[in-house]
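You will see two complexes here that share chain A, one where it goes with chain B and one where it goes with chain C.
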Partner chain A sequence: MAFDPAILVQYWPLFLQGAWLTIQISVQAFLLGYTLGIAVALLGLMPGRLPRLAAASYVEVLRAIPFIIILFVIYYGLPFSGLRLPAPLVGTVALGLFASAYYAEIVRAGILALPRGQFESARAIGMSPLQAMRHIVGPQVARAIVPPSTNMTLTMIKESAVLSSITVPELTYQGLVVQGNTFAPFEVFAAVTLIYWGITLAVAGAAHRLERRLGVAQARSVSRNRLAASYLLLERESAR
Partner chain B sequence: MSFQFAYLAGLMPNLAVAALVNLRLSAMIIVLALIGGTALTILRSLKIRPVNAIIAVLISFIRGTPLLIQIFLFYYVLPAIGLDLSPTVAGVAAIALNSSIFISETMRGALITIDPGQIEAATALSLPRHLVWAKVILPQLFRRVLPVLVNEATIVVKGTALLSVITVVDVLRTAQQIASASYRPFETLIGAALVFLAINLTISLLGRRVEGRFAVQRA
Partner chain C sequence: MTIPALKVSGLTKRFRGVTALDSIYLDVARGEVVTLIGPSGCGKSTLLRCLTWLEEPDDGFIEVGGRPFGRAVVGQVVHRQTRREIDALRPKIGLVFQNLNLWPHLSALENVARGPVVVLGRKRAAVEAQARTLLARLGLERQMDKHPHELSGGQRQRVAIARTLAMEPELILFDEPTSALDPELVGEVLGLLREIAATGMTMLVVTHEIGFAGGVADRIAFMDQGRIVETGPARAVLDNPTDPRLRAFLGRVLPSSPRVTA
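Showing the complex of A and B:
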């Protein structure tokens, strides 16, 4: 079987459109998901049993159900209640909801990891509330939440492929369309796969730079013990 | 149209039977992924440069592309190069490979938390390499990655719902078949959601209990 680049030459506008929609949907779902996630995290940290239970149930339920089923329930459930919305909008909202459960857990853990009294101490040495947030609390919370948030965002971008099953014309959908027209799965999925790979590598790279700027601890001290390293390290130590 | 609870209750037995398909496939995938992930970890520890380079690309690829696309690759592309797999086999292979990679990455993180002194002690007792792995490293490693494995199990269960897209008759596809006959998609999909909720909450709960037992043993 030979790789036929003519297919990619002929259909590249479809792949491009699909990739662009995937990026747009991911950005919107990220904004929606993170906003909701922060709200749910704050709800869970409120005093009293009821808000905590509500937040915990929201997180547990959304995390236990496959995204494809969350998507279908919303997509088929809305017309049921008399509301008919375009598939890309439904898909974006569903993706945002799905991600919000994970973001909520990340934000909650980030806030709980903050040592007590940081804000008060900053105020006590004469910082304004804004300065305390900007210089003391903000950086510490950011350092804790950026790495897991990056992971979750990459997961979310990848989950967006599932939107193809409700006919949202994103990258995977366009791939399946071209595959239906050409019966050339190898070329089509090679292209789709490489585009996804490129998108996630770009996001991971940007997040990595952000982590460096925030001073997230990089690679832990590598064992200097050669014998132990031969078992416990999976990479060769970089030459120093 | 109103939500009919009686209808939902009536179709739960059908969905529960279909859930056995998801459970059976999930169990197979988790066993395969645990074996695959462990083998991959030991292989990587040998630090054979070309082998590790290939594995590094594979890891980046699996982590950087959607599981759905990986399932499509096994289902649509392998037949094109002469390897015709049934939808079930293709799906199980795709998710198992995906999960192996994630388990191996977890193990990589857990390995460096093992005390180097134990390796020195085992070597001083002239324990051969395979026994250092089998008797010293792996038992501790499995214990350390257990919480992540429980989480990975729920991810695998959720992943099996994607197999409905390549025509495996699982909970979701059964729900869709029922819905296309009855024109009540909302209730049937809620039913499918409830099935997954029940399975995954049970796994999390069991996982927490098992972890609790290990914690007591360690103390």
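Showing the complex of A and C:
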């Protein structure tokens, strides 16, 4: 038995379609998940026990269930309430919900790590809680939460493979289809692996650039400080 | 009778059964400088936090320039103001925090300008021009584009004060403005407070600097265990304290004065 690249040459449109759908689903689930995550994080930080309890339960429930079960419960549960939705839509929503619980915890931890006085000084001059978040807390938290958010996003992209089990024709599903036609699992899944790797590599690279860009403002202000700059220069000198 | 800049009546705050503020009454007239002194833990900082509604008082009323803040009596009913109503009055009460809480991701200029733009909805160009004038007046014309960590302690203090002044408050509350400073900067900041007082700004200053309290303040209020125990013209309070607790406190903080034991 030899590695047969002809299979890949013959079926590349299917891989391409699958990859494209995986990317689309990931982007949509990310947007949905992060929006929900921020909302749940802010809910959890509101004064009063009820909103905090609601946010905590949301996170606890979604984190306690394996993703495939979340997916099955929604996909097979919705028809009971008379709602029949296309599998890709259900899968995307389920993926977004799953990720939102983790995003919520990342955002919440990021905000809690900031000294409370930052929020209070914004509130004291009359900013609303949302204005304080937007102008004072958010920009300071953003950089810190990029690395953990990237982790979660990569996990989520890989979890999207599970959507193949409810017939969403994403990358893994197409891989299974090609495998069924060719009986060449190694060739197929080697190709699928490379494509997933490419996607996650692109996301990680973008995240890294974002992190650097958010850090540039800080770095620039440090290098403008002559004392700090001299220390940084010394470090660079000794590193050589 | 003119309307006082600040009128506090029956202000009470409890933390889990511990009474931090016990029915505080305090009026501050327009242009008056009042210093609040007292042993640590007596409730001075809690009072300032309640006056800005960062801490919600359990009882009592606050009026700023004649307008009720936080709670109002409408007819016979005490009406708790909405968050929006409270936020709308907050710019009128400036608070300079003990640890300043400058925004590290913004330049000095932006620390000052962001409030009027976001909260008061002013035009950015006009606000920036005003902020530049303000910072220049405070001697920071060359520091405007620097971030807080590039500034010295005294400069940071000036930015914090400028940030508060930019909101055009009716009064400013200072929470121990000299406690976070190196000793040689204390004089500089006290001089600055004197300058601001000279412009006619109404000020309520929590301080440990009895010298400042005596030299600049029109009035001194002495707090102990959540109550204002004694209040009066600055010199009178310092020279002829009547309350034994105030005498004991002054005995501890003024080494030159005769030691009085409680």
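The criterion applied here is as follows: the second predicted complex is superposed on the first by the 194 of 240 C-alpha atoms of A that agree within 3 Å, B and C clash if a C-alpha of one lies under 4 Å from a C-alpha of the other, contacts with A are read in each partner's own complex, and residues count from 1 in each chain.
The definition used in the following text is that a residue touches a chain if its C-beta (ideal position, glycine included) is under 8 Å from a C-beta of that chain, and two chains touch if they have at least 3 such contacts.
What you see is a predicted model; the values in this text were computed from it and never measured.
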>> Contacts for A:113 in the overlay, against chain B (first) and chain C (second): which applies, first, second, both or neither?
In response: neither
> A:139 contacts which: chain B (first), chain C (second), both, neither?
Replying inline: second
> Between chain B (first) and chain C (second), which, if any, makes contact with A:123: first, second, both or neither?
Replying inline: second
> Counting residues of chain A in contact, which comes out ahead: chain B or chain C?
Replying inline: B
> Once the shared chain is lined up, is A:131 touching chain B (first), chain C (second), both, or neither of them?
Replying inline: second
>> By the touch definition above, which chain A residues appear in both interfaces, chain B in one complex and chain C in the other?
In response: 222, 225
>> Quick check: in the complex, which residue numbers of chain C touch chain A?
In response: 52, 54, 83-84, 87-91, 94-95, 97, 99-105, 114-115, 118-120, 146-147, 149-150, 163-164, 167
> What residues of chain A sit close enough to touch chain C in their complex?
Replying inline: 115, 117-118, 120-129, 131, 135-136, 139-140, 217-218, 221-222, 224-225
> Can you list the chain B residues touching chain A in their complex?
Replying inline: 1, 3, 41, 44-45, 47, 49, 52, 60-61, 63-69, 72-73, 76-77, 79-81, 108, 111-112, 114, 116, 119-120, 123, 132-133, 137, 154, 157-159, 161-162, 164-165, 172, 179, 185-186, 189-190, 192-193, 196-197, 199-201, 204
>> Which residues of chain A touch chain B once you look at their complex with the stated criterion?
In response: 1, 60-61, 63-70, 72-73, 76-77, 80, 154, 158-162, 164-165, 172, 175, 179, 185-186, 189, 192-193, 196-197, 200-201, 204, 220, 222-223, 225, 227-236
